[in-house]
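Chains: A, B, C, D and E, in written order; residue numbering restarts at 1 for each.
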Amino acid sequence: MNEFLQIKLLGIFSLGMNLGWALLMIPLLPLLGFLSLGLFGKKYLKQSAGIFATLLLAASAFLSLHIAYGYFFKYGKLEGAYQKIIPIQFTWLQFSPGLSIDLGILLDPISVMMLVVVTFISLMVHIYSLAYMKGEERYPTYYSFLGLFTFSMLGLVMASNIFQLYIFWELVGVSSFLLIGYYYDRPSAVAACKKAFIITRFADLGFLIGILILSFYGGTLDFNSLIEKLTSTNSTEFKTIASASFVGISALTWALVLVFIGGAGKSALFPLHVWLPDAMEGPTPVSALIHAATMVVAGVFLVARLFPVFSMSEVALKVVSIIGIISALFAAVIACTQTDIKRVLAYSTMSQIGFMMFSLGVSGQAGESGLGFTAAMFHLFTHALFKALLFLGAGSVIHFIHSNEMKDMGGLRKYLPITHITFLIACLAISGMPPFAGFFSKEEILLAAYHHNATIYWIALATSGLTSFYMFRLYFSIFWNKEYIAHGEVHGEGGFVMMMPLILLSLGAAAAGFIPFGHFVTADGNLLESAFHLQFSIAPVALGLLGIFTAMWMYKKQNNRPDTIAHSMNSFYKLAYHKFYLDELYLFVTKKILFNLIGKPAAWFDKNVVNGLVNATGNSTVFISEKMKGFQSGKVQQYAIYFLAGVIGLAVLFIYIWK
Amino acid sequence: MSGSTIIFYLLSILTLVSGILSVTTRKIFRAAIFLLFSLIGIAGLYFWMQYEFIAAVQITVYVGGITVLIIFSIFLTQQAGELLPKQNKNRVLFALLAAFCGFALTLLQIIQHSFNKTLESPILPTMENIGNQMLGIDENGFSLPFEVVSILLLAAMIGCIVIALRSKPTTV
Amino acid sequence: MNLTLLILLPLLTAVVILLMRSSVQVKWSALIGASAQFILALILFFTFRKERALGNASQMLFEIQYKWFPSWHISFHLGVDGISVAMILLTAFVVIAGVLVSWNVEKMTKEFYLLLILLSLGAYGFFISLDLFILFFFLEIAVIPKYLLIGIWGSGKKEYAANKLALMLMGGSALVLVGLLGLYFGGNENTFDLLLLSKMKIPIMVQKICFPLLFVGFGVFTALFPFHTWVPDGHSSAPTAGSMFLAGISMKLGGYGCLRVATYLMPEGAREYANIIIVLSTIAILYGAFATMMQKDLKYINAYSSVSHCGFVLLGIGMLTKTAIAGAVMQMVSHGLMTALFFAVIGMIYERTHTREVNEMGGLIKVMPFITTVLFIVGLCSLGLPGLSGFVAEMTVFMGSWQNPDPFHRVATIAACMSIVVTAVYILRAIGQTAMGPINDRYLSLQDAKWNEKLAAIILIAGIIAIGIAPFWLNDLVTPAAEVIMQKVAGK
Amino acid sequence: MLNDFLLLMKSELVLAFILFLLLILKVGKEIRNERLLALIQILLLGNFIFGFFFIESGSLFGGMFATNGLIAFQKSIIGLGIYLISLLFSDWLKKSEHLPEFFILLLSAVLGMFFLISSGNLLMFYLSLELATIPVAAMANFDLDKKISSEASMKMILSSALSSGVLLFGISLIYGVTGTMSFDQIAALLDGSSLQILAFVFLFTAFAFKLSIVPFHLWTADVYEGAPIAVTSFLSVISKGTIAFILLTILYKVFAPMYALWYNMVMLLSVITMVVGNLFALRQQNIKRFLAFSSIAQVGFILLGISSYSNEGTSSVVYFVLIYVFSNLAAFGVAGAISQAAGKERIEDYKGLYQTNPFISWVLALSLFSLAGIPPTAGFFGKLFLITAGASKGNYFFIAVAALNMIISLYYYLRIVRAVFMDKNDQPIAKINLDPSTKLGMIICTAGIILIGLLSWVYDYITTLSI
Amino acid sequence: MMEPGLNHVLFVSTALFFIGIFGFLTRRNLITMLMSIELVLNSVNINFIAFNKYVWPHKLDGLFFSIFIIAIAAAEAAVAIAIIINLYRSHQSIDVENTEDLKF
């Protein structure tokens, strides 16, 4: 306790000094970027901020690749199963013996995978932004925020302690807030960033209470021991948490559901998703990084991280899967009607995360039944690639056209050839077309769902059809449809700097599916050989193609088919177009209930009742004193009468009454 | 009923009745005269109790001094023959109440209390005894109070002179 | 380390200020004095750590005892434990920042700084005294400077606010006084000595009477619901440094008193009334937060949020677990730094825009990036962002509160947790309307922070971040002391 | 015997010497007021300093006169008080037509007070009480041109005559019951019969009247307002202090057997006095009247201390009076200086005073803080010790009332502070040129206000005396 | 009728005392108020003499007390009359109801 820093360098030496430092550098380099740019960027690094940050991140990305390579191929495995390694950990805040927030690094397949994803996507976004954000007034600020975000996200994925995860979870939230509100002078951006923060904050409340419950019963905040204690059915901790119940539901379920609420908030799952579309107010590369590839999957990551515990509670898993599938379908429907391209992408993100979630929900813990877990992680991985690509592509389009609205676009394939190709690859990938990455991951998800729950499977199937429809609706609307009429001078596609990330990501989106994911990431760390059934893929692929062709039919050429169709299902279309009025509902809740029914009365009560009482005390004292002044009448004889009354009164009192 | 009893009652009645009249009459001179009678009655009581010295002092100081002072001041401040202003009813009522309650209470306590008479031999209030003690400084001497009173009288005199012999006319 | 230095130094500073002629001299001597305090506090902190590391396990370190009114069994008894050291550090931070922030007070500069230094004197004395009499003495010393600061240099309905503050605080200390007398006569020996009293078995009846008196009395200082109404008016009318001292130091006197005097000396009483405390503080937390939501004046926002945040302090104390109490202390430190910074920023903004209405501002990032950055940091700290002190403190309180397994405590904890959402709402609202959004043309020519303001902000931010990033030092400081208190409460 | 006489009565003798010196000077050649005042100031300072030498205890005149260390200290306090009065109000005194007479009356009153606290006998008690009252009543009329001055004087002499009538009746009853006047003997002979209670009530009432305990206080404010400010301060500080001292003796020594009775009475009256005094002070506009009511409230606190019936009670009361001398005289000194220079006595006239007169503003503020009992001023210690002494009997309800009264009192004290420091005024009272001796007086008061509390040996000294 | 003793005398003195008080309370003229005070003081004197005579004849304390009271009464009356005369000069009246400038 007397040491300032109590670093337990567990195993650092056994793994070689380099690993520990490398690991530490991965998050610290972006942090360094954040600090140096935040403090001195304005003065000293006005021009070179981007390069500086990018270089830092490149180093970080390289290190994480190095770590990933080492973990997966060199030292991660022990007796055929990937181990959870904690090379660094120190006590950050000791609550009581055994209960402490430790900061540390936990290496296991999912965290290593996330390391790679986060650093890679972030690097891409950094590079892309070099061109995209050039000339912005707050260029260094932008990069410093990116650095902060990357740092927090890395901290989140490497967390070894549930509270550490919570800490970085919040940091991620705030950096997202900062980045969404980057264009601070736009009221809509300000509103969006506040909304995003508050809604995720609300969800975090659940997460926090969940942590409290878990920590109370588990007696620890450390992931490994928590999982260990709460998964062995004969440990006392498990017995108490499973037997303790509130409103008929066990404490374990409560805790997990609450934790899941936190995840749902950050991952924009129904009904906490309303912040995500608005979050598109941020710069587009930010959307690619945060609201597509990394932060929004934090919820998925959280559930995956605690998956062994989740698997102890069927109810909790059920909740996860139901919310997941609802979100998937719900978002897909809305996505078909939106006209802002970034919003479409946002809803598609939500839908895809729904996929991952229900995939986790239908998963089991060990062996074959753990397919859902692997699939979710796989989809997370591939989704990060192609969704980032989509957003960056959209960014390229927006960069060109200075608008987000579909109606301003059309026929851009000639002007933006590289963007066009890469965007198409991404669309195919997300639609699950073989052999692109999305195909493999989505196939696995559907398979897992199929084995587990038919309803979910069918809804998922339909949703994947819808996915390809709206994605290609987007694609055709941007690149085909009407001819683009340039106003004034037309500048071409962004330069090489902007295109390179697109190309790199499209390569990934095209090829990542062939990674044997089950070899690396599984629920129990053991190898999972996913059986691949060709006949199973027929239905989804066919549905996907159907979606593509429908979209082509409707949007390839400018025509009135979309309008007619929209007209024909008028009310439903309207409902979907208005995002099922959820925003309005939230607005109602906050404005009418929170502000008018609680806030206002509280303020009124304070001003009038509490304060009024205090003032009344003072005033009544003055009042009494005013009323009493008659005693001091100025008449000596009156005084004398009081005097005598006093004498007689005292005498009577003490002779007869108060003896 | 002995003569001394009769004398006592007569003196008491004189004292009390003229006392009452002194505080109720609306003619200020009469009030002063009644006060005089009452004081004389009290002096009579002292005689009756055989405290001749104090009776003499009473007559000298009160009857001869204070009353005269009062009458002079009445001359200075009062137009002759003017009736004293009436007091308001409430005040009279409350005063009567207070005085009566006080009287009843005090008298009750006095009557209920049995005074234990001392058993030591009495010292007679003769001139000799009084004179010795007045200037004595031992256990039963009263020279210190005597000095104090003299300072008080001196101070009172100076005070009276300063206040009463004001030269300038009133402004405020 | 001689603790009397902590009292003598401000005294010396005050004398020097009195002797100075020009306002520049006054300012510099105040600054030098405040810096000396700051250094002294740091020295105290490090020597304290060193002593502890060397294994000095006595409850109070650096004890000294001078005779003072021996016939009343009063002694000038000083000593510190971890909690006191934490509070002293807080005071030193706030004092130096307050002195810096008020650099351009031109009206009666000498008096202004004199009062500031006197206030700090009261606070230091309060935190280091181990005798309840001198504790009370220093508690009251701190009241009148506040009154004058608000009344003379304040704004708005300052006289009303100053009066209200002085009277309510005096009311609180009157209750404290009665409670202290109860302790004095209630134990088996007439003494005001804290350590002696703590070893005594104070009769249950006395505890039952004196605990609420003391707790409410000190609670008034800490904005215990419903005795918090001085907070909004007082804070909003006070000059910048006044608000900083008021919220940063003065409100902590109450929390410290609740803990050190009420709870520590009367554990049975504390257990008896714990539930009431919890209910009241939970109400304060939520109610303060909701009331903040409706405020439009920046100072009112911070004032009401202080009600809410100080609720955590009392909640932590009421929860009666070691962690919760440690959390309460951390929350005191954290809130002290944070709210002082917040008021400093509000002062800076007000000085430039001449308004505190959030509706009239907007887009200030553009012209004053430094100030708005500080505003962001302080806002985020207030809503409990990890990496800043607020998070650490609140989480410790929650963790500690949660250790009580019964539904009552659970519900209270959850209700208190809910405030983090409401806090986010009002903080973001305030920040959004002030710093973000389109800028008003008339603000375009405003200047960013000057050196003194920057320095003040940086000092406070350093404190906030030091706790936020590395809470273990504070925890190491506070927890053993909290454990001592808890052992007494638990009846060991 | 003569030695004893000289040593034991030395304070009285010195005072009498000064008194006669003044008389002779008055009779002799006309001396300019300034010179005379300077002489008087020096003499009074000498008197005060001399009070600390040759302190012995013993009794004279068959127990009529008794003295000891504590009594000597009490006399020193009084001596200090009159010295301060002679300094603080020198402006007014210099302009007075009757300066020597004023001091003759003042000193004879002080002599009365000395005898009063030294009295060991009801007769001496009564006589010196009158000696301490009648000259003051005459002094109250010393603003001869003012209507209110004579009104005040009239009210004072008539009310005090009535109260001494009641007192005398009480004394006569006690004499009738016990057959003795001597304090020592009375105590042994009291048994608490109802006639004794009645007698005690009569007797106590006189104290209540002089100390202005509610409901016997009504004369106080009128007299204070009307009398010249020097007399007011004398009445409010020195006269009250003296009565408190002798009350201690009477209650603790003479009526010790009836402790249970007078404890209740004192407590009850203490609370009523505090509350009523505070409530009236709340709405006063005239500073003298305001201070009158505030002093009534202070008396409530003194009663609280007295009620403890212990050495702590004695020492805390004496200590409080000492502090009260400094605090209240400082306040009166400022009020007097302003009244003399600007002719203003209303609180609202004090607005903005700080801008023009920072020194006296601080003196006033400090004295008010001390009266309100705010640390680090001495008043804090004084009040706190009184309350602590009062609490020693465990009557917390009364203590709580007392503590809450401190808040009300703070409110009205702050009202003046607020007027002086905060309120704006277009025409504040112009810069006042203080007489050097006035300034000296204020500095002494300020020093006393700050130091008496912090230097704990003052209190310890009193404690050692009061055993 | 009984043989008069202590209680009889005390009755007289008490009655006189309260007669004086009554006068003090009801008389509006300042001089008559002063006269009432004299009655009060005299009643006390009777008390002292009576107690001295009937209960404690072994010393002359009561007697001396009365003597001093008489002296004081004289001094008091003198000062009071001086004050009253001064008041009369400034107020042109010695009606107590006219002297109430100082109040509240």
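In this text, a residue touches a chain if its C-beta (ideal position, glycine included) is under 8 Å from a C-beta of that chain, and two chains touch if they have at least 3 such contacts.
Worth saying up front: this structure is predicted, and the values here are computed from it rather than measured.
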| item | value |
| --- | --- |
| Chains touching both chain B and chain C | A, D |
| Label of the chain whose CA centroid is most distant from the centroid of chain A | B |
| Between B-E and A-D, the pair with more C-beta contacts | B-E |
| Approximate Å spacing (C-alpha centroids) for the pair chain A, chain C | 35 |
| Centre-of-Cα separation between chain B and chain A, whole angstrom | 102 |
| Chain A and chain E, separation of their C-alpha mean positions in angstrom | 97 |
| CA centroid of chain D to CA centroid of chain E, Å | 27 |
| Multi-partner residues of chain A (at least 2 other chains) | 618, 629, 632, 634, 636-638, 640-641, 644-645, 647, 651, 655 |
| Residues within chain C bordering two or more other chains | 167 |
| Residue numbers of chain B (touch at least two other chains) | 91, 94-95, 98-99, 102, 105-106, 109-110, 115, 118, 140, 142, 145, 149, 152, 156, 159-160, 163, 166, 170, 172 |
| Chain-to-chain touches, reported pairwise for every pair that qualifies | A-B, A-C, A-D, A-E, B-D, B-E, C-D, D-E |
| Contact footprint of chain B on chain E as seen in their complex | 1-4, 6-12, 14-23, 25-29, 31-32, 34-36, 38-39, 42, 45-46, 49-60, 63-64, 66-68, 70-79, 81-86, 88-90, 94-95, 97 |
| Chain E residues touching chain A - in the complex, by the definition given at the top | 21, 24-26, 28, 33, 96-97, 99-104 |
| Residues on chain C engaged by chain D in the complex (per definition of touch) | 67-72, 74, 133, 136-138, 140-141, 143-144, 147-148, 151-152, 158-159, 162-163, 166-167, 170-171, 174-175, 177-178, 181-182, 184-185, 209 |
| Residue ranges of chain D in contact with chain E within the complex | 123, 126-127, 130, 134, 137-138, 141, 144, 146-148, 150-155, 157-158, 161-162, 164-165, 168-169, 171-173, 175-176, 179-181, 221-223, 225-226, 283 |
| Contact footprint of chain D on chain E as seen in their complex | 17, 20-21, 24, 30, 33-34, 37, 40-41, 43-44, 47-48, 50-51, 55-56, 58-59, 61-62, 64-65, 68-69, 72, 75-76, 79-80, 82-84, 86-87, 90-91, 99-104 |
